[in-house]
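Same chain, two partners: subunit A is paired with subunit B first, then with subunit C.
Let's look at the complex of A and B:
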């Protein structure tokens, strides 16, 4: 959990920084105190841990390190490994599917094998790719928790884990889509995929019009994280510069 | 395990199924809002260890077939939601949560 949220060692570093900040910015606080009668930090720092799960995470991490089960470096490396998985990986997969119909067929038939072909192993869970078409738009949610194709796309955005998104996506999907700027005609079927079990879903957005001449790399730049979750479409290409 | 390896699966693609209206305690991966709702099997993902047993630290074996079931939004929310007439919702449901539905 700590690795997945990227908040491991920061918690430790933070408690050391606190006193330092206070000394460094003390004069600023004094000015503010004079003006307002009480002091505010110029900019709020990271929140101190306050929730049970945060204390549990810190306690577990410190115990694992103290008992030599894991080292701080191993934990930091794991966090780094997760941080290096980004939506860019997924964008490469989508761009390949757009330019290579055989690859797209393989991706739809066996997502795990197809992304592994491009150097992105996806293990332990089924990766299911679903294709958006002019008739059907897919949108992924996990109402139970925050299931997401992390092995390919990295850590999900905060809103994906919010109660608001999780409860509203299944009940009023078009209202949620509209808040992402995605308005679909009534004759398009919106299919919400509730990722409830051992499968992870990757949406293949529709290839934007006017992209016939683009390279695979330029196409990948049009594939956003949200378009692979299905809350948005892929970006339209920039108009070609007139030489 | 792939769908082709599941000769014993109770349901097939196209079958109408109803999610059991059961409310047991514990770690359940069948969303509350789908209990008692009727849909159609559109895929068989394979068989997976039972998460309800894994949650207790058990091995969850034998694996249970997992189906992709699609529901009309109208069948799920019965008016208590905002959706288009064609909109749908698909979820992955383990076999022991499904029963045959009248066609």
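Let's look at the complex of A and C:
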């Protein structure tokens, strides 16, 4: 763990609703095997491979299938399995922790056991959940590669694996947070957690104000991927619920 | 002080973060899937640490300049050869075929 305690610009935190994490909230798609709730707004899925490394994938796959090492079906099933692992899984865990203090205590004490309770086995790696509070903010990085709680959040975003994020998150976390639109008061301590091959972190973001009456499912819709990495806060609820 | 290895970048200076989202393409998802299948039981051809060691040993221009899944597929190739599952010769031969097939399709289409 790198204990970086950045000092940075002071300002009002209005860190909800950034365009970049709009896509993963509010989708309820647990039973839609075909769509998996993914929108593909940035590129068509059936891009024709054109790069040499893409041809290498085809060559290796063909050889492995011909030799009987792998089957096409095995690959398709694994892709399907990963497509179903989305930040919605992590959001379910966070929403439960928000509504159930005993669950939150279990999650903080033994992350692996607590997420397994909700049907998300997290095997072979230690899962450590950390809680954001008005005094302390956590953000997660993997400076050496791209370790990420994939079982709960899916495949990591490109920026998480980028040189810029990996280098700067432990050097100037407040500046990095500001780039994500997350500006913390100066008296909030920032802790940066550096993942390892054996240990993954899950941030429990602060429960937004004004969410007292919300159901667990509605709460989960406020939990974005980035809020569980710690580069953002959880989303504010939609216009004040009446009665 | 020992020189940093190329993957050890925590704390270095770097430019702004490109926060654009990218949905993994089908090729990228296949690379991801195959790496996981081959690593996990019952195949258990290698461990995560071996994949990391291989990626960290890639040529610097590929490590820094290449796409993320390019590093993975290059690592997969090296691990498959190292473990004796495939040979460089058969990979190169097949790669040439695949290239020709796709270039042909691109040129001869429409």
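One rule holds in what follows: the second predicted complex is superposed on the first by the 179 of 243 C-alpha atoms of A that agree within 3 Å, B and C clash if a C-alpha of one lies under 4 Å from a C-alpha of the other, contacts with A are read in each partner's own complex, and residues count from 1 in each chain.
Note that in this section a residue touches a chain if its C-beta (ideal position, glycine included) is under 8 Å from a C-beta of that chain, and two chains touch if they have at least 3 such contacts.
Treat the numbers as computed from the prediction; the structure is a model and nothing was measured.
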Classify the contacts of A:78 with the two partner chains as first (subunit B alone), second (subunit C alone), both, or neither. second
Thinking of the overlay built on chain A, is A:49 touched by subunit B (first), by subunit C (second), by both, or by neither? second
Mind working out whether A:171 is in touch with subunit B, subunit C, both or neither, as first, second, both or neither? both
Superposition-derived comparison: subunit B or subunit C, residues of subunit A touched: C
Considering only the touch criterion stated at the top, classify A:186 as touching first (subunit B), second (subunit C), both, or neither. first
State whether A:144 touches subunit B only (first), subunit C only (second), both chains, or neither. both
Common ground on subunit A, meaning residues reached by subunit C in one complex and by subunit B in the other: 143-144, 170-171, 194, 197
Over in the complex, which subunit A residues touch subunit B? Could you list them? 126, 128, 143-144, 170-175, 186-199
Tell me, which parts of subunit B touch subunit A in their complex? 29-31, 33-34, 45-46, 48, 51, 66, 68, 70, 73, 76-77, 80-94
Interface residues, subunit C side, partner subunit A - complex: 7-27, 29-34, 36-38, 43, 48-49, 52, 55, 64, 66-70, 73-74, 76-77, 80, 85-86, 90-91, 94-95, 97-99, 102, 106
Residues of subunit A touching subunit C in the complex: 2, 20, 23, 38, 40-43, 45-64, 67, 69-70, 74-75, 78-79, 82-83, 141, 143-146, 155, 157-159, 161-171, 176, 179-180, 194, 197
